[in-house]
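Going by the order they are written in, the chains are A, B, C, D and E; count residues from 1 in each one.
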Amino acid sequence: MSRILGIKYDENNKNHRFARTLVIAVISLTLFILVWWAVSVVTGNTAIPTPLETWNALVDLYLNGDRMTHRTLGQYISASLSTFVRGFILALAVAVPLGLVLGYSKLLRDFSNPVIEVLRPIAPIAWAPIFILSLGYTIGPMLVVFVGIFFPLLTNVIFGVRKIDPNWIDAAKTLGASQLQVFYKVMVPSAVPYVMNGIKIGLGIGWMCIVAAELYATPLMGIGFYLATQANAGYWPGAYAGLVIIGVLGLLTVGVADLIHRIVAKRTGMDV
Amino acid sequence: MSRILGIKYDENNKNHRFARTLVIAVISLTLFILVWWAVSVVTGNTAIPTPLETWNALVDLYLNGDRMTHRTLGQYISASLSTFVRGFILALAVAVPLGLVLGYSKLLRDFSNPVIEVLRPIAPIAWAPIFILSLGYTIGPMLVVFVGIFFPLLTNVIFGVRKIDPNWIDAAKTLGASQLQVFYKVMVPSAVPYVMNGIKIGLGIGWMCIVAAELYATPLMGIGFYLATQANAGYWPGAYAGLVIIGVLGLLTVGVADLIHRIVAKRTGMDV
Amino acid sequence: FYLTQDKDKEINLLAGVNTDGSGIYIKEDIDINTMFDFSKPIPTPIKSGWEGKVFGTPGVSTIQHVQLLQIAEGMGMKFAAYQAGGDNNAPDTVYFIANIPNATAALGDEFIDGGSLWQPQYQKIVDDPKFKPLVLTNDLFPGHACCVIAGFHGFTSENEDETVRFLAAYVKAVDWVNNALGAGEGSAEYAKLVEVAKSVAGPNFTEQEIKDAMDTVIFTYGANTGTPLAYLDEQIPNLAESLVELGATNRTLSDLGFDNGEEFAERFMDDSFLLKAFELLDDPNGTSGISGTTDLTVAVIMGDIHQIAIHIANTKLGGDESKSFFEEYGLNVTFSGATNGPGVATAIQNGNASFGLLGAPPITITVINGELVKA
Amino acid sequence: MNWEGNAGCTWGESSATSDDAHISIRNLVKIFKRDESETVVLDNFTLDIRKGELITLVGPSGSGKTTILRLIAGLIEPTSGEIHIDGRPCAAPGSDRGMVFQDFALFPWRSVRKNVEFGLELAGIPKEERKERAEKYIKLAGLEKFIDSRVHELSGGMKQRVGIARALVGHPDVILMDEPFGSLDAQTRNIMQVQLLKILEKTDQTIVFVTHSVDEAVFLSDRIVVLTKRPAAIKEIIDIPWPRPRDRADREFAALRKRILTELEEENVMDY
Amino acid sequence: MNWEGNAGCTWGESSATSDDAHISIRNLVKIFKRDESETVVLDNFTLDIRKGELITLVGPSGSGKTTILRLIAGLIEPTSGEIHIDGRPCAAPGSDRGMVFQDFALFPWRSVRKNVEFGLELAGIPKEERKERAEKYIKLAGLEKFIDSRVHELSGGMKQRVGIARALVGHPDVILMDEPFGSLDAQTRNIMQVQLLKILEKTDQTIVFVTHSVDEAVFLSDRIVVLTKRPAAIKEIIDIPWPRPRDRADREFAALRKRILTELEEENVMDY
């Protein structure tokens, strides 16, 4: 590594460091693909398609849609995402205000805590049969996503409000703040990074929930359904294409949240 | 609250505080049950059974097993837990050593990072169709649980090793430690709380995975299957009984890990 | 989300769809004659052949499952869930795996010795060298009710007119199907029927499989007599009672306030709409007064050609310019696809679909467990 | 460091001229209860503070200095006894008593300007005036270059100057400073002491200052109140009529320092 | 505080008698590179340290004091130049040079005893001897009551005494102390200085001490090296032959203090 194209690598040069990261990433991912390829060829296992077969399946899905169901890739993705987004918005709308209030009021927190602790350990995906069967394919999966995002978000917001430096509150009071002003001028803004952190964790779980719900309830016709039918039909390249899409969408949802979280945390200097 | 049975409540008395917590918890949970009951009765919605019906279904399942499948509660639970435990042990055996090594060696970390970042966003449950259909009902779901636990555990261990106070390493060196001694006398012990934290997070996700896998792949015959068939047959008290069991098991697995984590963190004074 | 009046969340059985049309398949190397005594007019199961075998069914409350359950219980055996990797060697037990809803699942499953499925999945399975046909359910339970049309009371009571028109179009389609089958291969109708059936079944099936499959099904909305649902009147009370007896339900008829199956069936089944549909069909000006279109969602089982008539009713049989039967009656029908009967029952139950086509057992089980009709 | 021989600054003068008690603390008792144990922090504490003086409280750790400040600020309530400011009792915290905190207690989600404007915002002062006043004080604190910086971009000394500007901008009658320089390194600390005198130069505010550093107390104060160990009683009140800036190498300075240190050492039971 | 007039302690004596350079630092250059910028911290730095003396480095913040200590410890390598101890070049860190850190750098997962034993463990010293030696030094540090305590249960001053015991127990020739009392409050700090003298009383170790507090330097040192601002050069070396304990109120003490402070102030460009 120390000498490439005759240029000596200098750990202290930013450009060199960047180049190194890039080179390593490329080598690493190439190796990964090669190993995958080798495993596929050597084992001869049809359940492990080669990267090329997977890529072709992906391209085919993109260009021609799913031949078995006559659905396009866009339809699959939008089915998954629309449920996901609605569940997320609902969770945000409920958990953030609730978390602020519960973080603020010890009495309310004490009262709600036992209920939260009783409901929280239920794996959110376990609600899927109940919500989907009793509330239908529109509201049901949305609520599953909601449950998945709700608890991590709520606990993070409560935690955030409680983690507030008591000196900030004292400072605000000596500057003339009323109780209400303390709440929305100190508690709310200082909870923002925690909200973002909760969103980040919640989105990851919510995304798992929607994929799981789609495996379970096929009429949702989302990307999880595509993966399951491809695997069911023994067409593994299609199944792996599904995995890739799920990975990319997962990366997008959580990655964006992570980015926002980092920016907020950095801007406010509050490292959560 | 300020006066109960003629005794004035004193915030500064430990026993009073404990009594308060207890009283509040009892009131809170009683209210929760009553609200649930009221909702069930008022809406008359069969998909919301009363707490009593749920309880009866639970007792019936415990005493007589599942009439539809002739399986006992114990069989359901052990089916879920055995898959879960095997996946967990596998994840532990792989992620902890790997995390220690990757945390220690920047070069290896740089090489593995792109691959990890490519694989991590794939919702673990999405592997379920592929693993289960291609590797069968024993190894398949175990690997799904493995994937679910693996990534949070790995990232926590790496994070833990990297979070090590560099002064500890310097201190060890000035006390005569070799590279190897620094590794196992400083890095390994100081990563323990992070390992515990990773386990805690991983167990929660792993538990979701097993429930989701059971909804998807019924021959696993775990508690998720019970829940799904009860809901499918429109017998909601049974479905809710399934929820309760899943909640209790989730509480046990994650709760125990949480407890150990807290004890370790407290004992070592390292608050992760 | 739910309508609060008891009557509105009722689900009623409105019409028939088909009888017969499922089959039990078995591994190639299993001797058929060890499992049934085929010398009797109705083949009798032989216990020793069944013990310890694993059967795939499309779901625990489907008709295929219930029929296997009846066979097992009939021999005094337990019909228990098979657990992959578990101990599956109990005496006097037949095992099941309840997520084998199609040929792909059956052919891909490593555990099952056989199973029961509807057409054309059954045909596809027995065409594969891995499995061979054991017996058609027609031969075991001649004339057994299979799929039925169920309606959501909350919809039918408010929209009587649409309900009648829906059934009328459906009846027309069934008649068309039976005509096409009667006309036989070579006729244009038959060719069209096969074309529609192929698109319903999906690309996994050959034309021959489709044709073979349709031969084993009897399509009917009910006998065309004064009491159109007579065959169901006969079977549902018995079915309800035996489902309860077999433990396939978690509630009993008396939980719902009924003394016996007849009482239950009387409340559960409602042939009044079908009778009115006949009147409408008899009226030469029946379609003239209809203006505009009403949107309807109907839940169906994906890839099930038992339900071919509902797809025929939604097809422009005379080319793109013509109207489908539904359109003739002013209906714009959307299908919501489920993988099995319970899925359809659920879609009706949660108001997602106004009507659903599904097996008699799943709808009966759902109605009993959910207390969806009460005395 | 160009605070050149301004012998009598405003508050220096008024400490000499006014004899009325500006803040009058009478028979103050403060007892903290926790479970079975009680901590008597103040027992009948009485002190008069003159208008415009800089009075310093020094005393052993845990003697109750912070408690006295927080009582004056109204952040906690006395168990019994009274505090009057200009004859009015002071209960709730208000913008008439500003406070400067040891760990700055700046709001990290606000810029320097927004931190200083905080109290003005609460008071509903119009935007233009707010801006003007904030800028004036930020300039006074020598931070005009950093006016739009985020708090976490500042050094400790800069942060504390923001804290002082924020406390001063609302023109409080009283400024309470609780070891304001305690978390700064020795050199920055010395610089801050000089800066503080500069910023205060033209105001007539009363400063109640708590410090651990006898050196600092002697350098800054008009009067030093030496406290006993808990429950805090007044051991001695020392008037320092010397002009400012004071010379630490001065003989008298060193002698006074030494005398106070000795007094404090008597109080200190080294229980560790 | 019963360190009564022991005018010449061991290391005090040897500082007077030995003139050979124990640690010889020759033409040391240390340049830190980061991207485009270079920081020249040491440029041709030369210093001889005598066996057994307590030598203190004082200088402006960022001048390079820590860098010098870390170079002697062998924790970093010089860009050029050499360090010899008793004629041997010192490259890698080793147990012959102990170090005491400002933030203690104790191992939180180990008890007090186990912290002190750490270096002995590494050296493979048998359990019995380890125990004996550790106990001796823990007693010397006045911590016998806390021998089995966890680190996080100790106060700052106690922690630092563990740090000192840990550095001393292996009998290193050289002890490097980097602002060891910098994170303690003023009073604890004064006590620790006295304690340090007590603990060191009977050893003949060479101490290289870095501090920000001129007061501390004058109180403790045999020699004070006053450094210029970066790149660090020696501005002056001051011999302090006075007996210990020294009296801070002493005139000479105050004068020396004042003189060094003035020198340092010349170096300080107040760039904030």
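Points to keep in mind about this one:
We take it that a contact is a pair of C-beta atoms (placed from the backbone, for glycine too) under 8 Å apart; a residue touches a chain by one contact, two chains touch by 3 or more.
Treat the numbers as computed from the prediction; the structure is a model and nothing was measured.
Centroid distances from chain C, each centroid being the mean of CA atoms, peak for E. Copies chain D and chain E of the same sequence differ by a rotation of 180 degrees once their CA atoms are superposed, given in steps of 5.
The distance from the centre of chain B to the centre of chain D, with each centre set as the mean of the Cα atoms, comes to 50 Å.
Between the Cα centres of chain C and chain D there is a gap of 84 Å.
Per-chain CA centroids place chain A at a distance of 48 Å from chain D.
In whole angstrom, the spacing between the mean C-alpha positions of chain D and chain E is 35. Residues of chain E in contact with two or more other chains: none. The set of chain B residues touching two or more other chains comprises 45, 47, 133, 232, 234, 236. Among the residues of chain C, those touching two or more other chains are numbered 1, 108, 343, 346, 349-350. Residue ranges of chain A in contact with chain B, taken from their complex: 20-21, 24-25, 27-29, 31-32, 45, 47-48, 110-115, 118-119, 121-130, 133-135, 205, 207-209, 211-212, 215-216, 224, 227-228, 231-232, 234, 236, 239-240, 242-243, 246-248, 250-251, 254-255. Those residues of chain B lying in contact with chain C across their complex are 42-47, 57, 66-71, 75, 79, 133, 136-138, 217-221, 225, 229-230, 232-238.
Within the complex formed with chain E, the residues of chain D that make contact are 1, 60-61, 155, 157-158, 182, 185-187, 191, 212-213, 248-249, 251, 254-255, 257-258, 261, 264, 268, 270, 272. Interface residues of chain C facing chain B in the complex, by the touch rule stated above, are 1-2, 4-6, 9, 59-61, 78-86, 93, 97-99, 108, 110-111, 247-251, 342-343, 345-346, 349-350, 365-372.
Of all residues in chain A, only 67-68, 132-140, 218-219, 232-234 touch chain C in the complex they form.
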